[in-house]
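In what follows, a structure is listed as structure tokens, so that the remarks can point back to it.
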Amino acid sequence: MGKTGLKLIDENGIRIDGRKPDQLRPISMDVGVLKNAQGSALVSYGKTTVLAAVYGPREALPRHMTLPDRAILRVRYHMAPFSTTERKSPAPTRREVELSKVIRESLEASVFTELYPRTTIDIFIEVLQADGGTRTTSLTAASMALADAGIPMKDLIAGVAVGKVNGKLVLDINEAEDSGGEADMPVAMMPNLGKIVLLQLNGTLTRDEFKEAMKMSIKAIKEIYLIQKQTLRDKYAKMTEEEKEE
Amino acid sequence: MSVTPSTYPLVPKIQKDTILSLLEVGKRADGRGLEDIRKVKIIPNYIEKSDGSALVNIGDTVVLVGVKVEPGTPYPDLPDEGILMVNAEFVPLASPLFEPGPPDENAYELARIIDRSFRETKSIDLKELAVQPGQKVLVVWNDIYVLNHSGNLIDASAIATLVALARTKIPNYEMNEEGYLVKKEGYKGTLKLTKKVITATVAKIGKYYVADPTEEEEYVSDARLSVSFTEDGTIAGMQKMGAGSLEEGDIDAMVDLAWKVSQKYFSEISTAIGLPPQE
Amino acid sequence: MGKTGLKLIDENGIRIDGRKPDQLRPISMDVGVLKNAQGSALVSYGKTTVLAAVYGPREALPRHMTLPDRAILRVRYHMAPFSTTERKSPAPTRREVELSKVIRESLEASVFTELYPRTTIDIFIEVLQADGGTRTTSLTAASMALADAGIPMKDLIAGVAVGKVNGKLVLDINEAEDSGGEADMPVAMMPNLGKIVLLQLNGTLTRDEFKEAMKMSIKAIKEIYLIQKQTLRDKYAKMTEEEKEE
Amino acid sequence: MSVTPSTYPLVPKIQKDTILSLLEVGKRADGRGLEDIRKVKIIPNYIEKSDGSALVNIGDTVVLVGVKVEPGTPYPDLPDEGILMVNAEFVPLASPLFEPGPPDENAYELARIIDRSFRETKSIDLKELAVQPGQKVLVVWNDIYVLNHSGNLIDASAIATLVALARTKIPNYEMNEEGYLVKKEGYKGTLKLTKKVITATVAKIGKYYVADPTEEEEYVSDARLSVSFTEDGTIAGMQKMGAGSLEEGDIDAMVDLAWKVSQKYFSEISTAIGLPPQE
Amino acid sequence: MSVTPSTYPLVPKIQKDTILSLLEVGKRADGRGLEDIRKVKIIPNYIEKSDGSALVNIGDTVVLVGVKVEPGTPYPDLPDEGILMVNAEFVPLASPLFEPGPPDENAYELARIIDRSFRETKSIDLKELAVQPGQKVLVVWNDIYVLNHSGNLIDASAIATLVALARTKIPNYEMNEEGYLVKKEGYKGTLKLTKKVITATVAKIGKYYVADPTEEEEYVSDARLSVSFTEDGTIAGMQKMGAGSLEEGDIDAMVDLAWKVSQKYFSEISTAIGLPPQE
Amino acid sequence: MGKTGLKLIDENGIRIDGRKPDQLRPISMDVGVLKNAQGSALVSYGKTTVLAAVYGPREALPRHMTLPDRAILRVRYHMAPFSTTERKSPAPTRREVELSKVIRESLEASVFTELYPRTTIDIFIEVLQADGGTRTTSLTAASMALADAGIPMKDLIAGVAVGKVNGKLVLDINEAEDSGGEADMPVAMMPNLGKIVLLQLNGTLTRDEFKEAMKMSIKAIKEIYLIQKQTLRDKYAKMTEEEKEE
């Protein structure tokens, strides 16, 4: 049983939302959903819903704050006040500051920032509904918004969180599993390159559990990657079609 | 402190001339007539984890409202009433002009316009929210989240607020031994909306009045007037915006047009959520 | 009766402070009251007392924040901590932020800002005592401080609030009438040009009441305008006299 | 963090020389002698809606103090005492150098100098303000509002504070059933001022000591010394200001002059408000 | 919002090449082998007035942790537990890159990494700190103060936190009649540390893994991995840092090295404060 | 007896920590204690411990905020959260803002800022443990950190606080004496020049007591000055020796 003494997996190995331990939640994705942004994406993992928008490359900062050899990334991970179980003040929390940093560092590993010296690329992420795995859903969405904005990247980034609940590893944890479980391990990578760009562990795992959790997350990330690519392909096809029609 | 905006895009004179010459023949840049509104799309209950919510599009403008009902302490001078809190965030993904940070004067103004229209008409039965009068009441947090700014944020926010509040369920709070309100399973019922109130905005460009202005129309307008109405046509709030002036006759005409637009909004809302007409 | 159930008008139509419904409070005005400011004005409507000061046109902002074709206006409406019934924290409230905006927009309609490109004109307003109608008193005072500073304007601005209490429209409401009444409608205009620069309504009015309230306010604004002009004329006369004496 | 001011007007050397050569013959730019103060004007009860107030001019310097007496919670280590809160705002209409925003180091320093002089002399009977000792006490909010800065803000603030507090009435608060203090009609009495304390500032320019310095004199001075006194001549606070230094002999002379000036202030105050001399 | 740092010193390519060519032959700029840590110096109880403290040097990096145990209110969802608050300040005297002001993202990240490692392992018996469950509990304020930044602040902070908490005494608080916790003379005992947890950081530079990186090594590294361990080798937290990426094999190797380093830290800590080995 | 009714001096004139009225606490000093700063000093008066560091002269501010004829001083006096009896929030208090100002003004009197136009000299002071006299200990430490940084000064600055407890003047008061006493008078000077750079009085003194307190402080400051000079001399000797050894 978890921290709170809740039974989160039943005798048949089924989780509270009916999933098997290694099963993802239903995933939905859309890009180009906002008019003003250069690129945008709306991504849901189950009830967790994240909207990401990209502005730039643009001249947003005074020259002395830019870099002569590449673009600056500004990343904001932010939760809507109504996204959480209890209303969250819109002022950024320490957690949001930390997650903005780890998400920025992850994105920096993928973007060819050297193509846009002296500019700024802004990536704004709004968690509209939070039900576990918000930072990994955010990275998946942010990376697609960058693709939608046409910003060259080494690879897309996809992420997922693996958890440990009632002593068992489970994929893509939801909030109940996160708060009642023993560990939450968000992982994000550039799947085609096999490069891990985000790795955190909040909780305790043995060395063997950790290795197993890495394997589970990498496998799931590859599945998510396929959905990302299909979504972008569909969008591109639709745009081409619309252009033809005009 | 309020400062003349220096980052607004300057609309070139030639563009303003084009807009005006179109208006002269009863047309607008997007093909609408002067009194037409853009396509309205309303999705109630967009955020499952909130107690009430609505996603509203007016053309490309997108506003999401989420409502949370939570325990709080009453105002000392109104000990037996719950509290309605209206907050607006112009998050930076909505416009290249929005910067991250605390709300600016435009966000505060918008929130306060919406807030006043509901507060002054007593649209919400706040007495019903006094769980323990004088001690513990429920606070209705109405958070307006602007997701894409293509003009007329006030009307989109007013529609989304009305729909979200009309669909708000009141969680089941009970007082425990230590005197805290604790959330139990399920809901106690829905928020009682005694009156429906909406706000409609009209812009004056040259000598023309246009309904539901786009962002570009806002920049070239002399002034805007947002007027709040209850369904029976009572004026329930008003705000002139913009650095220009209006004559008495302008105001009459603009209030008339705002009322016409309000009726369209009420109709869209009824269609979307099946609100019965007010008695 | 009003919101609070208070009787604010008696059977003879007389208000709690002894006024008739369409009667202004005693108004006093003075200009040039502060030494340092380029212009200043002290205006009272009954117990509501507002001090306004103007600094500029001056180079107050970094060049990239100014405008190439006109002056920037910076307006601060601020209430002294001791001005209100309960002490007010000196930190600006949302209300003060909103009122600073609507006052700025009103003043922008009157000032020939295009005469002073790349400069800043600061208008600082301090409510010293608040007894209803502070924003309209502020506009009256700010406009006179601009005149005292010699800044060219299309016209002076004068303002007044009309209210509805116990079902009746009353002119120039005080705080008791505002908090106990059904509506507060502040109006400000350039009286000689017939141009309305500020219009707000907090409360409910029928269409007919609204039209009547507009008429009441316009009539009163013209009275206030006369006092403004007389005050400036007297000041100018006094200055000329003093110059002669020297 | 405190930073060397870079926006202060630079007083040209020639102007400083003029000031010094005038001082040599016992004169100042405005015609005063070195130990003279400017004209003091005191208007008690300037703000009718406050519980106490005073508007004070010293020459062109204008300071308004308003006092509000309101309910609050006592400090845990002084459960049976009310609280005196001294706050100062250098609002931007008072000087081209003042910017809107929270108080800067000069405003904090001024407030703390005044606060210490009253606190350390126990000038106010704080025990009298403990409505319900340990639970609810009254807080005396003394807000210093600088309206025009023409030098010597500290002395003007000290005079205005003393007059405002001397004229402060204590509202009639009673505890209600829920344990809140509620304001009733009328006043319970006046604030008890057991001791009168004043602060006088002397500037050193070259080898000269001048009383009640103007803003220009402050800029050219080597250092200033503000000294607080009770009426019997006890020193009740001291603060050296400015980026220069003083010798032991300077300090003796400046304290002597500050005491002379204090007596003038006490006399002005007595005239203005008819305070009886201290027993 | 998180922004790509633009003030970090750019390490010239030639310097990075030198570092890499040294690593190729198993050496580092300061003479260490790749898996070596710098000299660790631990002074427990450095701040006499705190309830627990430790000054830790790793090479030239200096971190001071002070612990204060004070009354507070429990979290509503954990009414019978005390609270551990971990805060980090990167004060400006520690580095030319640190500016005065509220903590930045690096300070928050560090504090949260340390906090999670202790929180998730339940290293501190928080129930013991519930003086009056549901009402009043004790809060353990663990303030991390960085005094000189020469790299690897996380490990130095982890060591200093563990030593300070292991040496923390619990003041003797009693509830008075008004329901406040009041501090009495003496101590009630020492904080119960049920598990010891440490964090070790490994940097990847080129294809090499180095323990206890210096500031310069941090700048040239591709990524860093901080891994928290309890004494039995359980992983109790992990954080990848830096704008580069790692492969699966890197991570295994880096966790292995981090565990080796952790054992050295545990050993240094035992020597310094004579902690008995965990059962 | 003092404010709190505590007996702080016994019948033999001995203070609660065993000192005589005119006796300093044990003083310890060290310089060059931090690697990164240009200069640093660690100074203790009894349990009061202060660490000071100097960065600069450097180009830290935008050009328009610097001075054409001299260096800007930026001084921060800050207390560690664990330095005080009750934990102090790290956000700067009004007291810390005021003390930063008086310490800056004191240092400005000693530093030859005109040697470094257009630059900034930063002096960061952290009170690690507070037991009375923190501002004077801070000035002593800051001045030594400046010396350690090689910044030319007219003279070192040394400071001490004199207090009045149970009606008697006492030198170098500790916290118990400060909070239980009748007066706290911090004094700092350039001892060799006889120039007083900091003087404050918190509490009440007669004119005679004040003069006596000045004398006590000046005498003690000269003692502290000797320790400062000896510490710097030792450091310099050690450095020279180390250089020889290399």
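When the chains are written out, they are named A, B, C, D, E and F in that same order, and each has its own residue count from 1.
Convention: a residue touches a chain if its C-beta (ideal position, glycine included) is under 8 Å from a C-beta of that chain, and two chains touch if they have at least 3 such contacts.
The UniProt protein names, listed by chain, are A, C, F = Exosome complex component Rrp41.
Treat the numbers as computed from the prediction; the structure is a model and nothing was measured.
S.K.: Under the touch criterion given at the top, what is the topological distance in steps from subunit C to subunit F?
M.R.: Steps on the shortest route: 2.
S.K.: Using the touch definition from the top, how many steps at minimum link subunit C to subunit E?
M.R.: Graph distance in the chain contact network comes out at 2.
S.K.: Taking each chain's centre as the mean of its C-alpha atoms, give the chain farthest from subunit B.
M.R.: F
S.K.: Using C-alpha centroids, which chain lies at the maximum separation from subunit A?
M.R.: When every chain centre is compared against subunit A, the largest gap points to D.
S.K.: What whole-number Å value describes the gap between the mean CA coordinates of subunit A and subunit B?
M.R.: Centre-to-centre distance between subunit A and subunit B: 31 Å.
S.K.: Could you work out how far the Cα centre of subunit A sits from that of subunit F, in whole Å?
M.R.: 51
S.K.: Between subunit D and subunit E, what's the gap in Å when you average each chain's C-alpha atoms?
M.R.: Subunit D and subunit E have C-alpha centres separated by 48 Å.
S.K.: From the mean C-alpha coordinate of subunit B to that of subunit F, what's the distance rounded to whole Å?
M.R.: Inter-chain centre distance comes to 57 Å.
S.K.: Give me the residue numbers in subunit B that touch at least two other chains, ranges are fine.
M.R.: As it turns out, subunit B has residues touching two or more other chains at 1, 100.
S.K.: Subunit F: which residues touch two or more other chains?
M.R.: Residues 76 of subunit F touch two or more partner chains.
S.K.: Tell me, which pairs of chains are in touch?
M.R.: Every pair of chains in contact is listed here: A-B, A-E, B-C, B-D, B-E, C-D, D-E, D-F, E-F.
S.K.: What does subunit B use to touch subunit E in their complex?
M.R.: 100, 178, 180
S.K.: In their complex, what parts of subunit A are in touch with subunit B?
M.R.: The touching residues are 34-37, 40, 47, 49, 51-53, 55, 58, 76, 78, 80-87, 90-91, 122, 124-126, 128-131.
S.K.: Would you pull the subunit D residues touching subunit E in the complex into a rising list?
M.R.: Where subunit D meets subunit E, its residues are 1, 76, 79, 134-135.
S.K.: Tell me, which parts of subunit B touch subunit C in their complex?
M.R.: 1-4, 6, 105-106, 108-109, 111-112, 116, 120-121, 225, 230, 233-248, 250-252, 255
S.K.: In their shared complex, at which residues does subunit B touch subunit A?
M.R.: Those residues of subunit B that touch subunit A are 47-50, 53, 60, 62, 64, 66-68, 70, 87, 89, 91-96, 100, 102-103, 141, 143, 145, 147-150.
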